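Each of the two complexes below includes chain A, the first together with chain B, the second together with chain C.
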Partner chain A sequence: MSVIEVNQLTKYYGKSRGIVDVTFNVEEGEIFGFIGPNGAGKSTTIRLLLSLIHPTSGSAKVFGMDVVSRGPEIRRDIGYLPSEVYYYEGMKVIDLLKYSASFYPGDHTQRIQELSETMELELHRRISDLSYGNKKKVGIVQGLLHSPKLLFLDEPTSGLDPLMQRKFFDLIRKENTRGVTVFFSSHILGEVQRLCTRVGIIREGRIVEISNIRTLQQNNYKKVSLTVDGSNPLSFDMPGVTNLQAENGTVHFFFKGDINAVLQKISSVQVTDVTIEEPTLEEIFMHYYE
Partner chain B sequence: MSANIFRHEFRSRFKSVLIWSLSIAAITFFFFSLFPVFADQAALMNEFLAKYPPELRAAFGMSNMDLSTVLGFYSLLFLFIQLCVAIQSSNYGFGLVSIEESELTADFLLSKPVTRTRILTSKLLAALSSLILTDLVIWVSTFAAIEAFGQGRAYDRGTLFLVLFSLIIFQLFFLSVGLVISLLVKRVRSVTPYGLGLGFGAYMLSAFTGVFGQVWLELLTPFKHLDAAYIVANHAYNTPLVLLNLAVSLVSLGASYWLYIRRDVPAVS
Partner chain C sequence: MNIFLRELKANLKSLLIWSGIIILLIILAVAKFSAFAGDPATIKMLDSMPPGLLAAFGLNAFNMTTISGFYGVMFIYFALMAAIAAAMWGSESISKEERNKTVEFSLVLPVSRSRVVTAKALAALVNCILFVLITWGASLVAVQPYKPDAAYYQFLLLEMQGMFFIELIFLAVGLLLGCVMKRYKLSGSTAVAIILTAYFLSIVTAMDKSLDWLKYLTPFKYFDAGTLFRTGKLDPAYMLLSAAIIVVCLAMAYVVYNRRDLYI
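Coming up: the complex of A and B.
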């Protein structure tokens, strides 16, 4: 079952573009990565799904319900961590969390305790006294305390130190194994690679590609590095080879196509070292942006 | 209405309510402490005032005030109370929705499972309760001041109630007009200039109608719709103007709901 169905969703702010004709689905229980540079339309998409803003055209459904007409119902089971966290400055952390919890039925005290222990959040400090990273932690606890079925994370790791990032990822994975669907927007590819099963790539408001992380890495490109003796590196300039670079007897390139062609070529020259590996998402990503 | 939003909103305004209402109470007492002088030397006082140019007297709405009576004196004081209350109500109106946006907490509130209609209703009721709490302090301090400094002079209680009650209609106007303006402009960065502008602007308009005798201007300003001197002189509201005032408030409120439900919450940064 699709938790999120987005159909030709378009948003213009006056004349300036938000997103154009965006279509994708997110299935129940998956961690969907949403990548793109700043200003590509990641936040716009999330804000449309939360009905913080209204679409110019197209439609979107969450849990099978239209986001424009049934927003409040949908939001009952949504947790949202905005990219920049700002809360009522005069309040104490615990008061804010209680205020947040009061919007959802049931008692969430226990869960607030657990989450803030995991994230090492001090509950009795004033929000105005918190550092950026600590405010982010408030955001994380606030977004999770009502045990939502769908999580929107908008560049969640900025401001968290590496240790906290890891704890955060563990937390998200744990939620995911409980069946929570995660929509993870980021421009940092490493973290998307670590966490997500599928990714959508957005650029200048349009979706350029949606695929499995595995297929994205496997079917596309191989990254080949060779150390060669006395051979002309330019002899590797064959069909399917891109980004050919040579320095001090080492040759790097990306290859797409029948891998045997490269292997034959390699065996025809004298090499001292060979590595053939999957490119990082980062490197694939750069390709989409060229 | 959501009780939790109401509570949050009411609490966040409580300090401001205390400051406004205690200041107004202090002004009331200070001002009324001068009443015995005015009352004892009524003839001298009125003679003295007659020496002022009529334009100036008109600007303070004193053309038809008799400062030697309790209600006459109070209607001059009431003008200042109205000015304070106008600024306070405008502030609340302008800030009702825009503070969430300028302090970037709108995302928090609007991603909760509540409809915007409910959010706005809860916010409006909280602001109105804050204003009525202010009124309570004003009403009590008015009676206390009259008791303390009125020298037992007789006055028409019913008329005073009319004057005091007019505050609620008056506040509703500034609250709702402030709110609708804040939703019409793209972003309110700071509430105070808008609030001062609306409150003081309305007062200036009313002063000018006095000075220049432009009667049509009084259609625009609540200071004329609910002129205490008029109420005291006629023992009644100026019904057409009060209805006009209420109509503007209600249209503003309706428009605010319409705008707020369709509003795109501006993103951070």
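Coming up: the complex of A and C.
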């Protein structure tokens, strides 16, 4: 069953583009990665699904219900972690969480305790005194405390240190094994690869690709940089290599294909330094669509 | 209920500040009154002023040397403060969520926007009621040294009713502005601009008979202290007009707020 069905969804803010003709489905129980550079329309898509803003044309359904007409019903089973969290500054963390919990049926006290222990959140501090990362932790607990069936995460890791990021990912995986569907928006390819099964790539408001994470990885470019002694850089001009640049004894290129071929090539020449890294998302986009 | 209670708490500080200001105004005004009280020279001085000016400030309807007359002249200032406070409470309660970027929290909760507006409007209404009661109470205490007669108490009660109506009108206007204006920074100042325009109209309309029709445009004239003093009751026609304004403002506020994009 599709938890999210988006059909030719379009949003213009006046004349400026939000998203155009976006169509995709998210199935129950999957972690769907939504990836794209800043300003591509990721947050716009999420806000449309949460009915914070209304579509210019097209439609979207969550849990089979139209997002425009049945927002409050849909939101009962949704948890949302915005990219930047803002809460009522004067409130204490625990009061805010209790306030949030009061909108969902049932008692969530124990869950608040468990989640804030996991995320090492201090409950009795004032929101206004919290650092950016700590506010994010409040957001995580607040988004999960009512055990939602669908989670929207909008660039959730910004502001969290690596240790917290790992705890957060573990938490999301645990929720997912309980059957929670996750919509994970990010511009960091690495974290999407770690977590997601399927990804949609959005660029300048349009979906350019929806694929399995494995397919995407196989198509993935590596960015290779070498410092070479005296060797002819052009010897690296082999199948799968693009954008070859050489200057002052350093060689840069992108490689796509079997990584062993490149490693053999490298080992055949005298090098003083090697880095092989993930290209940035922008670099992938640049090459993916040339 | 939870939104209403949280809103009440968030509004409390503002209510205390406004109450402090009105209490101070009453104390200062009544202290000033001690200079006019029963003083024939005051009447003489007022009589020498141009009648247009007296009419503009409502000084012709009252005998300034009695406490009732003095309160009649003071009424427009109470009404003005009540109007500004009510409009601010109305517009702020909606627009602050967008200004402080808390809409991404408060409107992702499983509540409809109508429910949010209703809860906030009711919380602001409580503030308005308390503000009238405080003004009333402070007036009752402050005038005790002048041993007012029964007529004063009746007139004060009438004034407070008028003040409450003015509050309701501008609360509705404030809510409308908060709900409608996407440029949330401007909703508070627009509300104040509307109120000052209405106040200005209320002065202008009293100055000349040919401008009399302007009185329908300014709620301050619906509950004019001079008329209240003379007739001893609120004019039902104006009460109906007020109710119509309130209903239209609220209806527009709900419709637009439900349809529009939130500014994030």
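Following the convention adopted for this analysis, the second predicted complex is superposed on the first by the 219 of 290 C-alpha atoms of A that agree within 3 Å, B and C clash if a C-alpha of one lies under 4 Å from a C-alpha of the other, contacts with A are read in each partner's own complex, and residues count from 1 in each chain.
As a convention for this text, contacts are C-beta pairs under 8 Å (C-beta built on N, C-alpha and C of every residue); 3 or more make two chains touch, one makes a residue touch a chain.
Since the structure is predicted, the reported quantities are computational estimates derived from the model, not experimental observations.
Asker: Clash or fit: what happens to chain B and chain C when chain A is overlaid?
Answerer: They clash: once the shared chain is superposed, the two partners overlap in space.
Asker: Looking at A:G14 after the superposition, I want to know if it touches chain B, chain C, both of them or none. Which is it: first, second, both, neither?
Answerer: Once the two structures are laid over each other on A, A:G14 reaches no partner at all.
Asker: If you stack the two complexes on chain A, which partner ends up touching A:G179: first (chain B), second (chain C), both, or neither?
Answerer: Neither: A:G179 stays clear of chain B and chain C.
Asker: Jot down the residues of chain A that show up as touching in both complexes, chain B in one and chain C in the other.
Answerer: In chain A, residues 13, 47, 50, 52-54, 71-73, 75-76, 78, 80, 82, 84, 86-90, 99-100, 102-104, 142 are touched by chain B and also by chain C.
Asker: Sort out for me which residues of chain B touch chain A in the complex.
Answerer: 2, 4, 8, 12, 103-108, 110-115, 262, 264-265, 267-269
Asker: For chain A, which residues are in contact with chain C within the complex?
Answerer: Those in contact with chain C are residues 13, 47, 50, 52-54, 71-73, 75-76, 78, 80, 82, 84-90, 99-100, 102-104, 142.
Asker: What residues on chain C touch chain A, complex-wise?
Answerer: My answer: residues 2, 6, 10, 100-105, 107-112, 115, 259-262, 264.
Asker: Considering only the defined contacts, which chain A positions touch chain B in the complex?
Answerer: So the residues of chain A touching chain B come out as 13, 43-44, 47, 50-54, 71-76, 78, 80, 82-84, 86-90, 99-100, 102-104, 142.
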